[in-house]
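Presented below is the structure to which this report refers.
Chain nomenclature is as follows: A, B and C, assigned in order of appearance, with residue numbering initiated at 1 for each chain independently.
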Amino acid sequence: MPVETSTVLLHILYLIAIVAEAMTAALAAGRRDMDWMGVCIIACVTALGGGSLRDVLLGHYPLTWVAHPEYLAMTAGAALVTAFIAPLMRRLRRLFLWLDAVGLVAFTVIGCQVAQQMEMSTSVVLISGMITGCAGGVLRDVLCNDVPLLFRKELYASVSIVTGALYLGLLKLDWGLSAAVPVALVAGLTFRLLALRFNWQMPRFVYRDDWH
Amino acid sequence: MPVETSTVLLHILYLIAIVAEAMTAALAAGRRDMDWMGVCIIACVTALGGGSLRDVLLGHYPLTWVAHPEYLAMTAGAALVTAFIAPLMRRLRRLFLWLDAVGLVAFTVIGCQVAQQMEMSTSVVLISGMITGCAGGVLRDVLCNDVPLLFRKELYASVSIVTGALYLGLLKLDWGLSAAVPVALVAGLTFRLLALRFNWQMPRFVYRDDWH
Amino acid sequence: MPVETSTVLLHILYLIAIVAEAMTAALAAGRRDMDWMGVCIIACVTALGGGSLRDVLLGHYPLTWVAHPEYLAMTAGAALVTAFIAPLMRRLRRLFLWLDAVGLVAFTVIGCQVAQQMEMSTSVVLISGMITGCAGGVLRDVLCNDVPLLFRKELYASVSIVTGALYLGLLKLDWGLSAAVPVALVAGLTFRLLALRFNWQMPRFVYRDDWH
């Protein structure tokens, strides 16, 4: 039996995404004047932290980078390259917003699949996808001492939920993996890029008081 | 055999507490202008994060919200409701301080019981209770980019330790669960409310130097 | 068979190191005006958090302080003592920089050994050493709401990597544990102290833009 095409597609997108996440994380580290080691660590945590948090919360061992330490080398290497070509990165901003969106949807579907293989309930599968897609950026922001961007801007987590729900819904409708995966990826990607293009935002909850 | 009354009591208090914690966490998110998705995530992390951290540290799988994903819906729903009734929340401040105290002691006893079932040593049982009772608030503060309140104000962690120690002590004296649980809960709650009422504080350690 | 001398050495250094880490962490907590309970918690997290994170990421249960809760008492006790003798600490600054360096290299080698016993690949062994040596300080900085020092100053993580690599390299050359451990410790310690003495720094990546 040939390897499922959708698995190959996801894997290729995964590799592209961890490199892209590492590169944008390196820029975040550069904004905080971190040294090269700090840049590498922030890059690894951002690119691989979402999947790691998912695995720890679900008890899914070994973690991805433990089973595939070459991913650590890829992300750390990409981060160092970024430190050298940073001026170029400015002009590639649009490309990296795209790649970041690719990462979000690819991570999400992979995270859903991990929870599915563990026979988790539907809502846990969706949360697993969301953690995989979004938590790396939250860890980056916590380590850089920012209020996580995820909670304040952009439809990041929402795109992840929608992508995961579409993926699961299509499977429930008996679409095979080879159809459900690319459709969910393309739909999620489109949603994300439209959100970026038209600056869609969720309503915010603004609250002011003297409560402790 | 009927279900142990203390178990039912704890479970009811647990459900009340996660909803209350979610609602106060939603206000904290509102103070940071988070969008609705951020509000829901902060609420889930605050209400369920203490138990999750405990389970991850003790290797106690599956986590509570993985086994009971309905708790995620409850906390996220409570957070969204809070965003709509926020003006009302101001007038309920005293009620929520009470409910927060209920959560602290109920989480603590539940956390102790989890470690007891894993046959952990006494000090680990106490720490398990404290993590369950307190860590959700710490995670909330870290994600909101505050110095955790736990470490600076109020007898929060101390109340948790005292509650857990009383609960364990009563069991050692051969009180049954149905007596030890409510007594520890009421004593811990009383301690917490007195601490709030009379603004009891622990001594602080204030240190200034040029050490990096 | 006598217990391997290097194991005894590492264990003694470990005990010294967790006490020293707890004491410097207590000062960090004092700089944030934390109360005594906060001081104890920060001390425990700093001294034992690196090993805990390693164990959680590798799925290595039970965690050190769960198996040896006396370490919690040691670190919390050392932290409280520090709050009383803080003025004295100022004059011991140099000693504690030394002890911190001892902790870094001892934690690193212990972390490498844990991953070796789990038959992890070489790069995961190195990362395990680095997490054990460095993550406690990162957790401390996150809880104190600082940008982690690790990412910005000093050759901290680099010393850990070099120590771990030397330790593994010597084992590959068929040096026994009783030679590889002390040589790696002394070399790492020397590297760290030279880095402090001559203020060696890694190049930094400084990046400024308007990218979100």
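Note that in this section a contact is a pair of C-beta atoms (placed from the backbone, for glycine too) under 8 Å apart; a residue touches a chain by one contact, two chains touch by 3 or more.
Small disclaimer: the values here were computed from a predicted structure and weren't measured.
If each chain is drawn as a node and touching chains are joined, the picture has every node linked to every other. In the contact between subunit A and subunit B, the residue numbers used by both copies make up under half of all numbers at that interface. Subunit A and subunit B, compared by their mean Cα positions, are separated by 30 Å. Counting partner chains per residue, subunit B has residues 56, 59, 142, 145, 153 touching two or more of them.
Across the interface of their complex, subunit A is touched by residues 56-59, 120-121, 123-124, 127, 138, 142, 145-148, 150-153, 155, 157-158, 201-209, 211-212 of subunit C. Within the complex formed with subunit B, the subunit C residues making contact are 26-27, 29-39, 41-42, 52, 56, 59, 61-63, 65-66, 69, 72-73, 83, 86, 90, 93, 142-145, 149, 153.
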